[in-house]
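Chain nomenclature is as follows: A, B, C, D, E and F, assigned in order of appearance, with residue numbering initiated at 1 for each chain independently.
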Amino acid sequence: MSDEVISEINRNFIYQLTEKGKRIDNRAPNEYRPIRVEKSVVETAEGSARVYLGNTVVLVGVKIGLGEPFPDTPQKGVLTTNAELVPMASPTFESGPPREGSIELARVVDRGIRESGTLDLEKLCLEEGEKVWVVFIDIHVLDYDGNLFDASALGALAALTNTTVPASRFELGEDFKLPIMHYPIACTTIKVENSLLVDPSLEEEKVACARLTVTTDENGDIRAMQKGLGGSFTLEQIKNIVTSSQELAKVNRKYVLD
Amino acid sequence: MSDEVISEINRNFIYQLTEKGKRIDNRAPNEYRPIRVEKSVVETAEGSARVYLGNTVVLVGVKIGLGEPFPDTPQKGVLTTNAELVPMASPTFESGPPREGSIELARVVDRGIRESGTLDLEKLCLEEGEKVWVVFIDIHVLDYDGNLFDASALGALAALTNTTVPASRFELGEDFKLPIMHYPIACTTIKVENSLLVDPSLEEEKVACARLTVTTDENGDIRAMQKGLGGSFTLEQIKNIVTSSQELAKVNRKYVLD
Amino acid sequence: MSDEVISEINRNFIYQLTEKGKRIDNRAPNEYRPIRVEKSVVETAEGSARVYLGNTVVLVGVKIGLGEPFPDTPQKGVLTTNAELVPMASPTFESGPPREGSIELARVVDRGIRESGTLDLEKLCLEEGEKVWVVFIDIHVLDYDGNLFDASALGALAALTNTTVPASRFELGEDFKLPIMHYPIACTTIKVENSLLVDPSLEEEKVACARLTVTTDENGDIRAMQKGLGGSFTLEQIKNIVTSSQELAKVNRKYVLD
Amino acid sequence: MGENIDLKLMDEEGRRIDGRKFDELRPIKIEANVLKRADGSAYLEWGGNKILAAVYGPREAHPRHLQDPTKARVQCRYNMAAFSVMDRKRPGPDRRSVEISKILSEALEYVIFTEQFPRTTIDIFIEILQAEAGTRCSGLTAASVALADAGIPMRDLIVSCAFGKIAGKVVLDLRKEEDNFGEADVPLAIVPRTEEIVLLQMDGHLTTNEFQEGLSMAMKACKNIYGLQREALRKRYSTVIDKNEEKEKKEEKKEKEEVVQ
Amino acid sequence: MGENIDLKLMDEEGRRIDGRKFDELRPIKIEANVLKRADGSAYLEWGGNKILAAVYGPREAHPRHLQDPTKARVQCRYNMAAFSVMDRKRPGPDRRSVEISKILSEALEYVIFTEQFPRTTIDIFIEILQAEAGTRCSGLTAASVALADAGIPMRDLIVSCAFGKIAGKVVLDLRKEEDNFGEADVPLAIVPRTEEIVLLQMDGHLTTNEFQEGLSMAMKACKNIYGLQREALRKRYSTVIDKNEEKEKKEEKKEKEEVVQ
Amino acid sequence: MGENIDLKLMDEEGRRIDGRKFDELRPIKIEANVLKRADGSAYLEWGGNKILAAVYGPREAHPRHLQDPTKARVQCRYNMAAFSVMDRKRPGPDRRSVEISKILSEALEYVIFTEQFPRTTIDIFIEILQAEAGTRCSGLTAASVALADAGIPMRDLIVSCAFGKIAGKVVLDLRKEEDNFGEADVPLAIVPRTEEIVLLQMDGHLTTNEFQEGLSMAMKACKNIYGLQREALRKRYSTVIDKNEEKEKKEEKKEKEEVVQ
């Protein structure tokens, strides 16, 4: 059977399940796959975490370096986020310069961290306008079975909470933990036909028509959003997704804090 | 009918017209299409101009920044010209890094301005060997109906005459107009069979076998030339083109000075 | 006859010859093609050499510039090696950024020079941690008839011995010859079926299953090695190749020293 | 977002730095069919934004392996001119424009009847000539007019508009200073007839109530912009009709002349 | 190589900085079948190295002109994660990783029965997650386990290990300081059953005797590592058998349930 | 161009810094058929320029969509070696070499009977090994000898030469200092038999009279260079004839030996 026929069968099968409120792996529509977060997994990084979200595996490393601040924020450290969808993780990922998929992933994770004020960047300034600490978040996807946004955001936050600024190595005082102020958690929901499913697996992503990622903080406030794919949501659906994302974030945040 | 058949018919039609001294849009062989030059069209630029040459539309913006002079001209400001043939302007333009077409365009416009001494670059030096004003000319082609060389050269000169150096924004004294010393105008002539046609439209460019752009200053002196395409000119044709370019430049220069 | 049929015939022909200890150009298995080394062939370079190895021609130029030392070797000059397999040299070389073939070539030549301590890099330091001489070795392959490794390594060493550091041009004292401490020579052997052939021609390279380059110094010590291609060597074969490479290097070194 | 600066974004009477009320749009001007070469085009001014959109297609997709046998590919390219911002932007795509191009492509895909044009590509080019906050909303609004101008079959236009939060208050359509020093920015795009949401992004800090308040405000504003889009298309088509009449007259005249020659 | 630093790489009793003897390997741990998406995979820790290898294929080679009608293309891509080294590495291939990818591809090609899969490509991806000298040997050792895990027909595994010279003495398996300040480094890979050498590089300064001494030492060590590789594969296959039994039970159960529904 | 420097480019007696008269060429040396691999080649020294040109083709154009069903594509690639100039040039094409490659391709296309080889490409590679002003003229002159050496059917050779203006005087063939500090530079290329002009560029400042004076001077010089080109080709073909005779003798000898074996 050709790939197209198989995917057509899959599509119909998933459609029929969702109509009954079911999913291929027997989860409830608003149920996450099992989550496991391991910290301090890479010794060469200043902070790191490996996240297992079902079969999806993401490794995030944080490196700290010295650099110049941006001209418009001379008293703040610099945060930069990069994602590599290495071809190891999926037959559809390719070698070469970052494509739009990995750029969107990195930028959505970055906004979730930056806009929530996760880091107290002013504490990372060494000399105003001259010298600041630069925080590099590198997302390395190892196994891709759907929902990279949530796995990567979890991994980035976990790695940041695990990071020590190696000031002594640069002869700039004592080492200190990265100053974390907030704990934003991303929750992604897809629309399949007219059903909403959280934490989509790869099979589900393939038949999704729309996607919404909502990042909320420990107060339940919204810190970032990203709608994707060539479909639409109704206003009501958006409101429902925001509410469920706030609830699920409370649960998932524990995996990072533990 | 296939594209090739149409273009073959077009070719023959244009050939027959040129033999009678005529052109598809009823112009005389040495007649330009209507020219319109609008200045100050982009407020974020330090200078700008939009040029309509028949249906060809080119937008040129000038940005001014600070930089270091070149080592061999420590007492001079820096001039740099870039052209983007964005795919909006023509189905044959592609996204991506600049191709040879846009590189040749940018370099020919650049030489026309640089070699004529259009700008008094010494007046753009702030600190010898250390700090100078950098003039960025960016050519943005919006609608392509032939003769980009002349439209872009006109636009670049018009935008330069429209430019104010924003010295006060950098706390480097008062703003001042760019010091313009000469007014070079480019005239492009193509050869179709054995006829010479100035200001070719796109249809005419497609059947041209050779092209010559002659840039002359307000004294009629020659400042830059560029021959293109896989055909040839006789010595006599070159001399005739130089003469007609000098005359036409006088007329077209007025569109910039107004 | 198709290319594939021809190459199949060639393969069989070379196989049959090697079984009898013969080669297509009548050389002995451990015999080099004629070598000619010309120095001072490019006046714009600080040192240069053209090497003819049979029909293979390689031009190596050395340029000297000023730069910063690497942070981990603040008291040493910098050596950098680059190879261009320009499409002039072979129908199989392509324009564009360096491919793996030219990268491997540059890195193998570089290691041969660097690891043998060919240059006394400490004598190229001007100001510790701040300013050092940078030695650029550029390998330009002009005609490709096999065994680029040996031809390029010979050319690089010859060009280095031909190089004068132009200190006076930078007003940094008197010009001086590059301080050469060792004379490493690379010898390349291929395996065809079970025979070992040194200095392979292009036709021989095409049927080789494995390749070993051994770089030895004037004491016969080993300074660098590189095995290539998708075949294998026995331990015995490796030992034999090392021995023959040491002997052949003694002979070939003379072409550089003369 | 989130910069604390002594810039007062709203005065005591609720007026913003350019005098607008909290739910007031910047001035918008739309013109359809402004380019000759493209199959469809639109020019839009929105506050300090000056934007051109052009459409080519449906045309055969190249290379072949990018063809979808079931529908047209919709490819939008958002590009900023080097001189469109205060500090000159290096030409060519950066990470920001790659992301924006992706989400605009996805939004536009929803309203185009792509299944009518298998194996083709529909290319939409958005050139930001002058930028002053809200370029992705402005660009998307212009792009859907250009698509209609190209005669591409669509279920509706797309309208886009942002809301945000400044000085603790939810407001419509941020301008540059409000975007830089405000507390949140939420670009939104809808299909006006069905009120479906096809683009939604958010940056900053909002409570659930603020978010819902803003959504309603922006959706209402979108409907007003929808009127401007349709007006621009109406003008364009009336012009076409005028020109067609003119053309017919010209052709008649030409035929006569040819008889004379 | 060749740096003269006051770092004592070996003490009077012949112990190295981490307490190893001259012919002692760093600790090695190998696990097969660690990724779900890939056709085969392996995870390896070797001293301070942490490495993942994954295999995809044989699959159709793209684009077409890269297809070889007589055999499969073997393409290995060695990649270092940005955070795998002390000073952050810029993502993407550099000249070093291009060269390593080439020689690892060539070594792996030798043991794969490529002629069984004409027109296909077999892709091997090696990700260096944490690096501490000897990554190419570690990566190659992991890659051949991943190939076996993918069920690719091979004449044997490949085992790789380096020897070198520190403080004037030939030693096995350099760690970082020994690589940086030692006198030679010689990565080697063999086919253990036949003792054929498929990878050999050398950096530094060795006499002929030292070279031969090191070769023997490294080939002996390779055979020990070969045991670890086979052990990892044995565990993986016993797990498969367990899982198959489990799966059969589950399917039986499912069938019953379906009957019930 | 246009730098005012206290360098005296011409003395009172009209002698230039290298002693040449105003209408005197630098020494030129041309040799054909200097490379083995290429289908045709030439080596040229012209003053301080050392240049190699090589030709491959006509050969099938790749990829297919670049094939022209009516004629051969002529692609010239002008490339400067890193060491060909005083300040090392970064390898690879820059904007200058892209432009030069384009105009040289166009000039060469004119003299090749491209319609005889549809769907093919004729590649001309020009490597500047040592540069000293006038490299595009030197390269083009060498390239047309290489084309003839490759046996490509041509209506004539192309000859190229520049004129310029220094110290207020029109002169032939600028050398480096004259190019840097002179007032104009005009590279020119002609088809010598018909005197057609196939390349013409100009930089600087010339009156119409100066331009016409220079044109005549350069066209005359081109004819002299044409003689050197033809001489190089004559030598090359006489060598071929010699070699053929030699080859025949060798083959006779070989046949005899084979009989003996």
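We take it that a residue touches a chain if its C-beta (ideal position, glycine included) is under 8 Å from a C-beta of that chain, and two chains touch if they have at least 3 such contacts.
Note that the structure is a prediction, hence the values are computed from the model and not measured.
Graph distance from chain C to chain F, where chains that touch are one step apart, equals 1.
Common neighbours of chain B and chain C (chains touching each): F. Computed centre separation for the pair chain C/chain D is 58 angstrom, with centres defined by C-alpha atoms. With each centre defined as the average position of its C-alpha atoms, the distance from chain B to chain F rounds to 29 Å.
Here the CA centre of chain A is 30 Å from the CA centre of chain E. For this pair, chain D with chain F, the centres built from the Cα atoms lie 52 Å apart.
For chain A, residues touching at least two other chains, in rising order: 98.
Residue positions of chain E in touch with at least two other chains are not found.
Taken as a graph of touching chains, this assembly is arranged as a ring, one closed cycle with exactly two partners per chain.
Beginning with chain B and continuing to chain D, the ring of touching chains reads B, D, A, E, C, F. By the touch rule above, chain C contacts chain E in their complex via residues 73, 98, 100, 103-104, 106-107, 111, 115-117, 212, 220-235, 238-239, 242-243, 246.
Chain A meets chain E in the complex at residues 42-45, 48, 55, 57, 59, 61-63, 65, 82, 84, 86-91, 95, 97-98, 136, 138, 140, 142-145.
Within the complex formed with chain C, the chain E residues making contact are 1-3, 74, 95-96, 98-99, 101-103, 105-107, 109-110, 186, 191, 194-208, 211-212, 215, 219. Interface of chain D with chain B (complex): residues 35-38, 48, 50, 52, 54, 56, 59, 77, 79, 81-88, 91-93, 123, 125, 127, 129-132.
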